Structure formats: C-alpha cells, structure tokens
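The letters A, B, C, D, E and F name the chains in turn, as written, and every chain counts its residues from 1.
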Amino acid sequence: MTDPSPRPFRYPVPELGALPDDVREKILAVQEKAGFVPNVFLLLARRPEEFRAFVAYHDALMEKREGLTIAEREMIVVAISTAQACLYCVVAHGAILRVRAKDPLIADLIATNYRKAGLPPRQRAMLDYAMKVATTSYLVSDEDHEALAAAGFTEDEAWDIGAIAAFFSMSNRLANATDLRPNPEFHSIGRR
Amino acid sequence: MTDPSPRPFRYPVPELGALPDDVREKILAVQEKAGFVPNVFLLLARRPEEFRAFVAYHDALMEKREGLTIAEREMIVVAISTAQACLYCVVAHGAILRVRAKDPLIADLIATNYRKAGLPPRQRAMLDYAMKVATTSYLVSDEDHEALAAAGFTEDEAWDIGAIAAFFSMSNRLANATDLRPNPEFHSIGRR
Amino acid sequence: MTDPSPRPFRYPVPELGALPDDVREKILAVQEKAGFVPNVFLLLARRPEEFRAFVAYHDALMEKREGLTIAEREMIVVAISTAQACLYCVVAHGAILRVRAKDPLIADLIATNYRKAGLPPRQRAMLDYAMKVATTSYLVSDEDHEALAAAGFTEDEAWDIGAIAAFFSMSNRLANATDLRPNPEFHSIGRR
Amino acid sequence: MTDPSPRPFRYPVPELGALPDDVREKILAVQEKAGFVPNVFLLLARRPEEFRAFVAYHDALMEKREGLTIAEREMIVVAISTAQACLYCVVAHGAILRVRAKDPLIADLIATNYRKAGLPPRQRAMLDYAMKVATTSYLVSDEDHEALAAAGFTEDEAWDIGAIAAFFSMSNRLANATDLRPNPEFHSIGRR
Amino acid sequence: MTDPSPRPFRYPVPELGALPDDVREKILAVQEKAGFVPNVFLLLARRPEEFRAFVAYHDALMEKREGLTIAEREMIVVAISTAQACLYCVVAHGAILRVRAKDPLIADLIATNYRKAGLPPRQRAMLDYAMKVATTSYLVSDEDHEALAAAGFTEDEAWDIGAIAAFFSMSNRLANATDLRPNPEFHSIGRR
Amino acid sequence: MTDPSPRPFRYPVPELGALPDDVREKILAVQEKAGFVPNVFLLLARRPEEFRAFVAYHDALMEKREGLTIAEREMIVVAISTAQACLYCVVAHGAILRVRAKDPLIADLIATNYRKAGLPPRQRAMLDYAMKVATTSYLVSDEDHEALAAAGFTEDEAWDIGAIAAFFSMSNRLANATDLRPNPEFHSIGRR
C-alpha cells in the first residue's frame, strides 16, 4: 500500500504567505485553474529566482501556439521522462497529455513504450529524435535532422523538439534529486 | 492520437469456434469474469499447448494464497515489466494491481519508478530482488537472499518472487515479440 | 580448482519417494534415457505444479518436429542463455546442441559469440532475432519480422524463435535465482 | 586537421542588429568582458524568450556567492558535461574552471576522469552526487544525501549541486542537438 | 552446422618459408609442443615486430613462476575474454586452463559465469578485480586494491592480475578485429 | 584545487640507478628529447621485461612511417582512451597529437567527442572503427571493413587502426589499474 499522505518532496514546504508576491500569485493562479497546487510549484518556490526562470523557460517551450501542437509537446515530455523514470513528470504530464490530446489511453502507452504505442509516423519520428536528445545527445547527427525533415518538421520545429527534450531532462533530474511526488489528483485527470 | 481500433497483436485473431474446447471454455470463463477477453488469451489460443502451459504456470504463481499477498505478486509483475517496456503487461497487470491492492495510485507509481514510490521496506526489498532477477540475474548472490531474509521473507517466498520475475520476463518478451496490445478496458479499471 | 561435489542448487534436494507419481515418473524416464538426472528436474520437483507447467511448455517448444530443426531450437537456447550468463542452460543445452547438430564444436562457438561462429545466413538471422527478443524485446519491430521472412522463416517459425527465446529467458532467471548448476556429465557429452 | 573556421552551430548566426535590445546588450556586455562572444549566446539569441530564461537560470545557479565556491560550481559543470560528451560545455566551462580555480590542470583532469583527478574528499563527494543526478537520477536516495551531509554539505548546497547538474544536463543536450562548437579562444584561457 | 574448414582469420595465411627465421622457429617450436600451430601465431606472423613484442609480453605475464599459479593466470584470461566475447581467447585459453588446472570442467564454468562457478574466495576476488580492469578500469580505486590485499594478494600480484587483464583486453580486440578463429583441436584438449 | 605534487602512480618510483642498463638508457633518451621523463616509463621500469615488450610494441605501431600519418595514429589513441577515461593516455597523447597535427585545438575536441569534432570523412571513418574495436569488438564485421575500404583504407591500414585501438585498450587499463597520472608538462605542450 502506498503511503496515503506522503511528503511532496525532500525539502520543507514553504509558507505561501512568506513567498515573494509574483511567486505566490503564480501559484494561486495555477491553483485557480487546476483546482490544486501542483507540487513542482511548491518545490521551486524555495528558490524564487529559479522558480521564475523555470516557469519562463517552461512556458516559452510548452505554451507556444505555432509549429508542434500542444499535445505533441506533452507527448515529448512523457516519452523522455521515462528515460529518467521521473515520477512527477510522467504522472503530471501524463495527465496534461490526456487532456490536451483528448485521448484517455495515450499517456499510459507512451509512458510504457512509445515505440509500440501505434503512433503515426510523424509523431514516431518526433519521439525518436526527442529520445535521442534525452539519452544519447552526443550521437545526434545530420542524419537525425534529415529524418525530422523527412517527417515534415521544419528546422524551428526540430529546435522545439530538442529544446523540450532538453528542458525536461533538467526537470526530471530536479524532481528525482528532490524526491518530488506527483499530486494524487494527476492520476485520474483526463481518463473520462 | 492513438489508433482507435488497433490490431490486438501481430498474428490473426483466432475464431473462438475453431479452438479446442478447454481453451475456448477458459476464454469464456475469463470473459464472464472480466467483462471482456484480455488480448493475451486470444494471442496464445493460436497455440493450444502453449496456452495451457502458460495458464497453468501463471496460475500456480499468481493465484497462490499463501506467502506473498496477491497484491504483492502483481506489484512484482508491474515493476519488472517496465524493464522490457511491455505495453500489455504494464497496463493489464497495472489494472489488476489497482484492484488487488485497492489503491488507485500504486500501479502508476510502480510502473514509473518503484524506488521512489514510497513503498514500505518489505516491498522495496521484494522489488529490488525481483528487478535483479529480471535484469541481471547472473549477479544474484547469497547477499541478495540474505537481504530478503532480513526483510522477513522465507526461502519459499524468495522462490515465488524470483519465479514470478522469471515468468513475466518470458511473458514480457512474448508480448513484445508479437506486438500484443492491452485492451482499452484495462486503463480505467480500479481507478475509482 | 572447482568444488568436486557442489550443491546442485540453493534449495534442498527433494526425496524422489516423496514426490507425486507423475513427477517421479518423469524424472525416472529422463534418467533412463540420459543416464543421470539433470539437476533442473530435481530443482523444479520442489514445486510439482510449476514442474508440470515447465515441462509441458518446454516440450511444446523444443520437441516440435516441424519448422525449425531440433538442432536450431537448441542453438537459440545456447545463444540467448549467454545474455544472462546462465551456467546450467549454457552447459546443459550446449551438450544437447552438440548431439542434435552432430557437431562437437558448435556449442562452444555459439556460447562465446554466435556472430563470429561462421553460421550460414539463415541461422545468423534466427539468432539475431532471438537475441533481440531476449535482450531488447521492446525494440522488436516490423523490420525484424521482415528480416526473418527474408531469411526464409514463416510467421509461425518466427513465433517459435521468439517463444523459445522468451521461455529460456525465464529459465535462465530461474536457474540464476536458485544457483542451479549443470551436472558434470553435460560437459563432455557430444564431444566425440 | 580540424576545420579552421567551422560553423559555430547548426542554425544561422543571427544579426546583432536584429535582436531585441536586452539580448543584444547582454551579448555586448559579455563580449566586453571576455573579449569575444561565446557561441552559446549567439545560438540562443535566435529565441529571445529562451535566451532570457536560460541566462537568468544560469546566473541564479552559477553566480551565487554563498555555499559552494564559484570554482566548485564550474567543477560540476565540467564533470557532468562529459556524461553527454558536450563539446561546448567541456571546453568553455573548462576554461572558466581554470580561471576560477586558478589551476591550469584541473579542467583536463576532471574532463577526463574526475574520480582519478586527486580531488579532496569534499569535492569528490560533490561530483559523485552531481554525476549520479546527471546520469541515473532515478537512483538518487536518502543515502546519497547522507553522503553529502557527511562531506559537510548543507541541504541547500545539496540543492545547488543537484540543480547545477540538472541545468547543465539541459545545456549539454541543447548544445549537442544544435552542434554548438566552443570558440577557439576557450582552449587556451587559464593555462598560464 | 559450422563451416568444416573455415578461414582461420581475415588476412591471408603467411607462408612459413617467407617468415623471418626467429618467427618461423618460434612457430615450429610451438607446433612441436602442441601438435598443431595455434592460429594466433599465424595471424601475427604477418607483422614480425608485433609478433615478437606480443610473444615477449605474453610470456612475461603468463609463464612467470612466482606469485599467481599458472592455472590462475589462465583463469583470468578466460574470465575477462568473455567481456569481449572473444572466440579465440575463450576457446584456446579454456583448453590451456583445463590442462593447467587439471580440471575438465573449470573452463566452461568460468567462460559462462565465473561468479557462479563455485570458486574459492581468493580466486573470486582475483577475478572480480580482473573483470573490473577489463570492463570499467576507470572505476578502479583503493578499495579494489584493499580487497585484493584482504584476499591475500601482494601488490606485485595485484600488478600481475591487472596486467594480464589488460594484455588480454588487447588480445581480445586483435582477435575480434581480425576474425581470428580457434583451432578445432582446442575444443577437446584437457577434457579427459 | 588539485594536489600540487601528487604521486605519479600507485607503486614506488624506482631508482634510475637500480634499473637494467637498457631500460635506464631508454628513459634517459626520452628525457633528453622531451625535457622530462613521462611517468609511464617510470611505472613500467618496475618490470623490465614488460617495459621492453611495451616499448617495442608501441614503437612498431606508433612510429611507423607508412600508411596512416603519425598524427592519425595519435588521434586514435586520444579517441579510444576516452572510452576508459584514462587520465594519462588522454592528456599525454593529447599533447603528442597537438604537436604531430600542428593543431592546438584538435586534442580537446577529440577527447570530448570525436563525432562532433568536425573531422573529414576519412578520419571520422577511422575513429568510428577504432572506437568499435575499443568498446564492442565482438560486433566487428565485414561491413566495418568495407566502410574502411570505402574511406580509402587498405587492409594493412585497417590492421594498424585496429591494432592501435587494441594496444591502447591495454595501455588504458594498465594506467587505470595503477593510477598513473600524466606529468603536468603534457597539459601545455603544443598549445602555442
């Protein structure tokens, strides 16, 4: 049986009232929208400068509305987060993926084995590249970029795929180093 | 978007009517109980002798009512099936684990990273041993068996842990070699 | 110097007289044929249900007389058993392979490096697929099945190759988890 | 012979005049200080939002003046950047490390094998943890944090070590995905 | 079926008569003693300078009569040659090991899994160190040398173990790069 | 800060006066030429027979004046020595490579990631083969030799590439097993 009320992460949970205004307001805005405060915001609030940079970087990559769809961006997160077995990233972004893709099954499939998830060739090529960036980026070569081009991606979209894989490679490690746990709410979101 | 009605596996789906009686009856009994026919039964029905041996072996290890709890047995299956990224095993046995453990979160956590799932020491030791058997069995040593004993497991329970890890190491590979997919029903079972 | 009379496995050796009749008779039949009782039978006799399922599964895959030759089946066992460094499987099935292939050298070569054993293309393709199933089954794809077809294998033979690789992936782990040792007799069988 | 004037990265080099003011001013400020524009700034300038978030995150972790010394922070960067064989990060941060540590040899040693670089126990513990976060963060456990504490690090310093390892895990992947090359100037800086 | 008369290696077999006198005499002396010319001598004869250096180095390490026994030296060769799956080294030195250890079983056991071969603690420690030198020498540390000392090895014996592991790490790679095959005679030597 | 005067290796430094004449003379000749005694000579002097064989083998492969250039030979050494993270080999042969290639940057680039060093196709093919011999020689196949031929290498040059990779695979392991450190002088040689 899993612990019914585990610590959300290795560090003390900060008091909302003691946080800088912009950090607290961001947290309250997310809570307003999601109905709960995702643990990653409480974790990073311990370090306001890092909080701000993380959120800004995240939003630049994940909230962009051109090129990759927002569901595809989340597919990348779920796929590459399995490479570092990141509890928070797989479960929380699995939920977001289900919502954005309007598909209750896709997150479990990609979280287990994206190669056997029955994805169309475009998304398979996207995740092959993302996974290579996440795991063996030192092998990335012109051939990989040509494969993306052949699958219909522009060079700017290639940047997005690589940058999302890179950003969540950071995020996975932050979460694992701090024992960040997903909020229980994430498990059931988007399952219909 | 995942394919809405994908092939359940690489081989043709056999006609129920053409199967040997015992195989068909087993399949109907499972359907009666679960409400649908799990794809693994349809896959193996192509080979009745293998079907019977698989089911007999499975039940000897998984339906046993002494030693490990039936939830613990499923925890082993989910944990070790991630080592071969087995879509069917992780999703289907994740569902069974949620039901048997009466815990809607546990399967996602173990499927992502059992080491960070917040499990009690007994189950952590159980899964450490199972994972070693599944991935680097050539390194299993007296120290591993002593660690199991220290966690309270008898030598017969150690056999069970190892045998379940071994059996599903087979099962993972059968599923991956045949592109066996989990039935959609499994994704939502036991989530409340 | 290796121990002249080591324990055959980690668990107590069961008394033949105390075993269920069918298990004892199977053991005596094997002894009659081979001249000694292979240790795997004594190991599994501790668990009669598992014994029966193991033997039934084994025979369904290894004693089949259509498709793959019986020597080819043993080649798969020896090749994939090196992936888990299984003492019992490599030595015992190496002996059977020498006998079935009527080739005193083949087992040592395949046990060391099947890729450099000088095998004909058909058997090389067979072992490449078997090894992939045994080690990285999550990567098995249509291309692998096409390679088997190009080497002349039917889809039913592909199943056999995969299923043998899967079954002995289980067997390797059972043997390693229980420290099963090969009987000394196996080392010299079939060497002329 | 290496190419005497290779492309600095896979994407077109942006015109300074076409960049947003803050980005251009940051670049000119760095050029003023270093005598040249490190290629990473020209690369990221293509994406001003990402540029700003990257610089803010970098400075929050690397320019901090409490806890870890600034030389230790660069040691982490060089050590973990070898795990993804990042040309830019190893060479450029190797130069910064030589300057900050006032040690012309240290960067080559850490870039080759920090375990054999003859470091004092404190820095060895720091790099062991950083390397674990960079390569197998899913295995990070209480024992790792206890080892840091035993080496004299506070929990806030543990965060810094982990966060620097995580941030440059991102940075390594961005550089490798875009074929970012180090400026030639970096190779000779700090060698006396 | 393995090829009954395969090429002994990738390069042409040199004419004995065309070789420098000392090389030819060494080859004839070995033939005199063994009853056949081991293929490695014919391979290296293509390069007389390398032949002489190889033989001199080999004999300095393997024919020494103090410290490690000559059987122990061969145990190291067989064990570490499995790490590169070297056909020639495992089969040829397996034969020499059987003769020197007067043990018909030991080579097969060490070639499959030295950790489960039932070796006494001294030889287990010796092979653990040799294997670490062969596979992850960058991790060798004081602790490894302390473990050797605890098992009764002097620092000069530690050198021998490491140097034999290193020398055959070269030898394994030469053999694999040139497709060197073992002479058929080796398979049956020393099996009684 | 790295230790200002570390031990050059794990074993005592031998007295020059106590060495056999030929060994001492070789050491003095190298000192005359280089201005200092590279630590590897002092290490191996403990074992005169091994010293002589090592030097003879080294010179046969590295001082040859036909086929590969002497700079290319050093490129192989630096590239493959990263696979075992050998401090001495990467730093000392990095220096020799800078001198022989008359290129102050090349060693750092190859030591970090030869695949991204911007090398011409011939040298890229050479290092791909060398790296395969150094790391996974059991996979070397006809295709690898065909790739070398396509890049313009003769079969004798293929031997040289493989043999250099093999010889320094030994050398890397000797250095790592004995904690051999590079002389400080090597770090700055050839940097202009």
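Note that in this section a contact is a pair of C-beta atoms (placed from the backbone, for glycine too) under 8 Å apart; a residue touches a chain by one contact, two chains touch by 3 or more.
Keep in mind it's a predicted model, so treat the numbers as computed, not measured.
Contact with subunit E and subunit F alike is made by C, D.
Counting only chains that touch, the fewest steps needed to get from subunit B to subunit D is 1.
Across the two candidate interfaces, B-C and C-F, the one carrying more C-beta contacts is B-C. Among the other chains, D has the CA centre that is most remote from the centre of subunit C.
Seen from the C-alpha centroid of subunit E, the farthest chain centroid is that of A.
Chain geometry summary: the mean Cα position of subunit D and that of subunit E are 44 Å apart.
For the pair subunit A and subunit B, the distance between mean C-alpha positions equals 28 Å. In this assembly, the C-alpha centroid of subunit A lies 23 Å from the C-alpha centroid of subunit D. Contact of a single residue of subunit E with at least two other chains is seen at positions 85-86, 113, 115-116, 138, 176, 179.
The touch graph of these protein chains has some other shape, matching none of line, ring, star or complete. Contact between chains, as defined at the top, is found for A-B, A-C, A-D, A-F, B-C, B-D, B-E, C-E, C-F, D-E, D-F, E-F.
On the subunit F side of its complex with subunit A, the touching residues are 113, 115-116. Residues 10-11, 46-47, 49-50, 52-54, 56-57, 60-61, 84-86, 133-134, 137-138, 140, 145, 155, 158-159, 162-163, 165-167, 169-174, 176-179 of subunit A touch subunit D in their complex. Subunit C meets subunit E in the complex at residues 1-3, 6, 82, 85-87, 90-91, 94, 101, 103-106, 108-109, 111-113, 115-120, 176, 179, 181, 184, 187-188, 191-192.
On the side of subunit D, the complex with subunit B involves touching residues 138-139, 141.
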